[in-house]
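Sending over a structure as structure tokens; questions will come in a sec.
Going by the order they are written in, the chains are A, B and C; count residues from 1 in each one.
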């Protein structure tokens, strides 16, 4: 059953990237091409739902560089979900980026949109990989293509941040992940993603524990402590980059890979029976608690959001390591839920920056009345991240709590609840400042009270859309749930 | 009977040449050492082909024992190679002297260090 | 005609060389060398397909049957090496004229071409011959022409480097000569196939063991195996850059081939592994060589020196593959011979292009070149990716096999060393890329920064894309390596 659509989904953004490059002197056409590509890609991804819902797994094998080591694509529900999230949010981010970049008079637009498109192509590759090696190739491509985006501002600080970004991701992936892949091949003789895993009864518990650690720390994009340092450093990037890459494509590629490895390589039952994931489980628990504490202490808005991301990603890892149905379901659902919530928050941070050039939380007093849409969206996104109804984030947190209960890990359950409390403590005061504190005197005198001074429409519309998405995900979560359930019986 | 004497001679020459190549600081002396080293190997080949009582391998009714000609032929080639090597080495030394004004390795090393390499 | 193929590829350059030395017209000399090189490539491709079914071609030079005459043997192993030598030379020869426009080299173009053709011919000779003494002769021809090529560098240190290489190289070659003499003493033959038959009965013979020892040291110098690698960094750094490209891609690779051929095709794996346990020695030296080479590469300012030290480490990978000795280990060694040749040719040819523009390859002087010459630096980036071993590139294939073979033995420590050295490769190549792409342009670059000449840029990209091609389609490399390893292990069994 050979189906070229997964391959097309990778070629399409690449083609868009080339067209962007070719039209670098015609900004409107160039941005138009970006937009059209995003929409086409989204529909291409949606077209895969038909066969997948019918139980098929469209596959496309392209090469076999080493005998017994095929490389190719295969669409399964988890990857399709990730691809939908990435491609769908790419549309809104592109709209947002066009407004943001033009308003801020950022330079080198063409390079920006080019790398953006290449990064999405790489994310699609990660989503549809049929084996670990293909996944690894696109994982590295994602790192390399996002590097120029992080360094986009070309300031000394930006270069330093980008260097840390690259150093962490490349070192962990080559030093640990590749070892894990080769060790997997050496023991199992295959790298194909196989339901039920390929490592059952092939390794001792110690060996499996080491392998799980190699995978989880090697996938640096999942930002498990202590390999999380790149994430705050990468926040020097322009906000649309932070939004798409560090709330959606890059970090989610990381946790998605971990979930995929647990489900299709290690095997959920295998992990549950051996308890080989315990070290990573507790590291994730530590990460989500500790990152929340750090986030509380950050005054820079993007830095706080960055540490919040670190914590939220640890939820996914934790869910995967619980190795039971509810845990994995929670982990998987956390991917779209957190993506939509966090991208809203980043959009808001960028919107505030575009309108007022403010970056610190302590400067936000009273801005809520000036920018009601932005702050309302920020509130909605925050509630979703915290995990309260009626926002999508509530469901993933719910299933994660169920997962800890099923595994009878009461301490973990406590930590999850504690972390939710901390989420409230570091997110909601931002909204509070905006609405309930008065504007600083000199600014208040500049404009009459009640004037609305929002960022451009191209910024406001995307963030309103994603905020609405948070609510929609709450209402239609059962669709995602039913779609994923067959994977985790 | 000379027993293993020829091998001992070869061995001594070999070590002598090698020692000279490594230890002298003068580039020409290095080449001389290299030549001694190579020559020892030539002698080794030549003595190896010698058959006691044998004569040059020109077929004749009067003789029944001949020396083995093969090693001798091989060593002719090796001598040619050795001559070429020596010629190239000497040419290089001329060029090195033009560049550095000396053929003493210690002096050259100091000069390289001065020029901040 | 096709029966004469095995010897033809040697004859083209060998006949062209003396003619070339008489051609005072630079373009004529180039054309002749290029034609000879391409003719050899065509022959090598023909031979590859003749051996693709695992057959071994035996050609009797002058009609004398071995062991009296010299035979030329072509099997899958040397067909692959031939493909590498002739292929790399064919691409690099395109770039020669552009890189010889620099003044002090331009006047010597015909001599350069002569030396190159001799070196090229003798490398082919080493690879195809079935006679142990013949190996020595061709080895010396290739060495002598290499010394001449190195000495053509502009810097006065080039002559010194050539001289030092000459001393070490001659000692090494003489060691091989001693080894050949001892082998003849013990067995009475010089034909490799005959030697392989007679040696197993003589495992206890001190003469054979001494011959093996002398051979390993002598070949070790040519391979630049740690600790006999000292000649390599300075020779590659000071030779004309385009000559470095040719030498790095071919000369050391042929030396590794000789080592493989003698260990498995002459002395026998049993003597190497079981009787003398030399694999332990190789393993230790390879590990140290990998670490030392990678670390030294990290601290070089001259990009050519970075690549040269990296070669020391990469050659140690091949030695490691030999030490592992299993099918996958040898496959790694054989494939890496090919892939590493490809990588280093691509990287060095870019440097040669840069050198034509700036007359230097120092990292500190070339900062920010990427803004002025994105294609030039881009080709270097591709080569760097392959050197690090990113999947999808040729470098990954060999590294994959090497790691697998090490894991088969459960040598975790060695696996760690390989991974660590990959990370070091990432670090030292990153240093270069970082300086070339991301730093503010230096004064020199701002004044004279532009792309390498087109005639060098195109070969550079051909090689760079070949790195992708052989990382994705491995039927040629892995296929030949698989057959070669089967025959190597078959001979020794």
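Basically, a residue touches a chain if its C-beta (ideal position, glycine included) is under 8 Å from a C-beta of that chain, and two chains touch if they have at least 3 such contacts.
Since this is a predicted model, take the numbers as computed values, not measurements.
Colleague: Just how many steps, at minimum, does a route from subunit A to subunit B need if it may pass only between touching chains?
Modeller: 2
Colleague: On a CA-centroid basis, which chain has its centre farthest from subunit B's?
Modeller: Result for max centroid distance from subunit B is chain A.
Colleague: What chain pair has the highest count of contacting C-beta pairs?
Modeller: B-C
Colleague: With chain centres defined as C-alpha means, what is the inter-centre distance between subunit A and subunit B in Å?
Modeller: That gives a centre separation of 70 Å.
Colleague: Could you give the separation in Å between the centres of subunit A and subunit C, each centre being the mean of its C-alpha atoms?
Modeller: 45
Colleague: What is the distance in Å between the mean C-alpha positions of subunit B and subunit C?
Modeller: 27
Colleague: In the complex formed with subunit C, which residues of subunit A make contact?
Modeller: It comes out as residues 63, 65-67, 133, 136-137, 140, 151, 159, 163, 166, 170-171, 174-175, 178-179, 182-183, 185-186.
Colleague: Taking the touch rule as given, give the residues of subunit C at its contact with subunit A in the complex, in rising order.
Modeller: By the definition above, subunit C touches subunit A via 388-392, 397, 400-401, 403-404, 407-408, 415, 419-420, 422-423, 426, 430, 434, 438, 471-474, 478.
Colleague: Which part of subunit B faces subunit C closely enough to touch in the complex?
Modeller: Interface residues on the subunit B side: 18, 21, 27, 30, 34, 37-38, 41, 44-45, 48, 70-71, 74, 77-78, 81, 84-85, 88-89, 92-93, 95-96, 99-100, 108, 112, 117.
Colleague: Please name which positions on subunit C make contact with subunit B in the complex.
Modeller: Touching subunit B: residues 133, 136-137, 140-141, 144, 147-148, 151, 156-157, 159-160, 162-163, 166-167, 170-171, 174, 177-178, 181, 184-185, 190 of subunit C.
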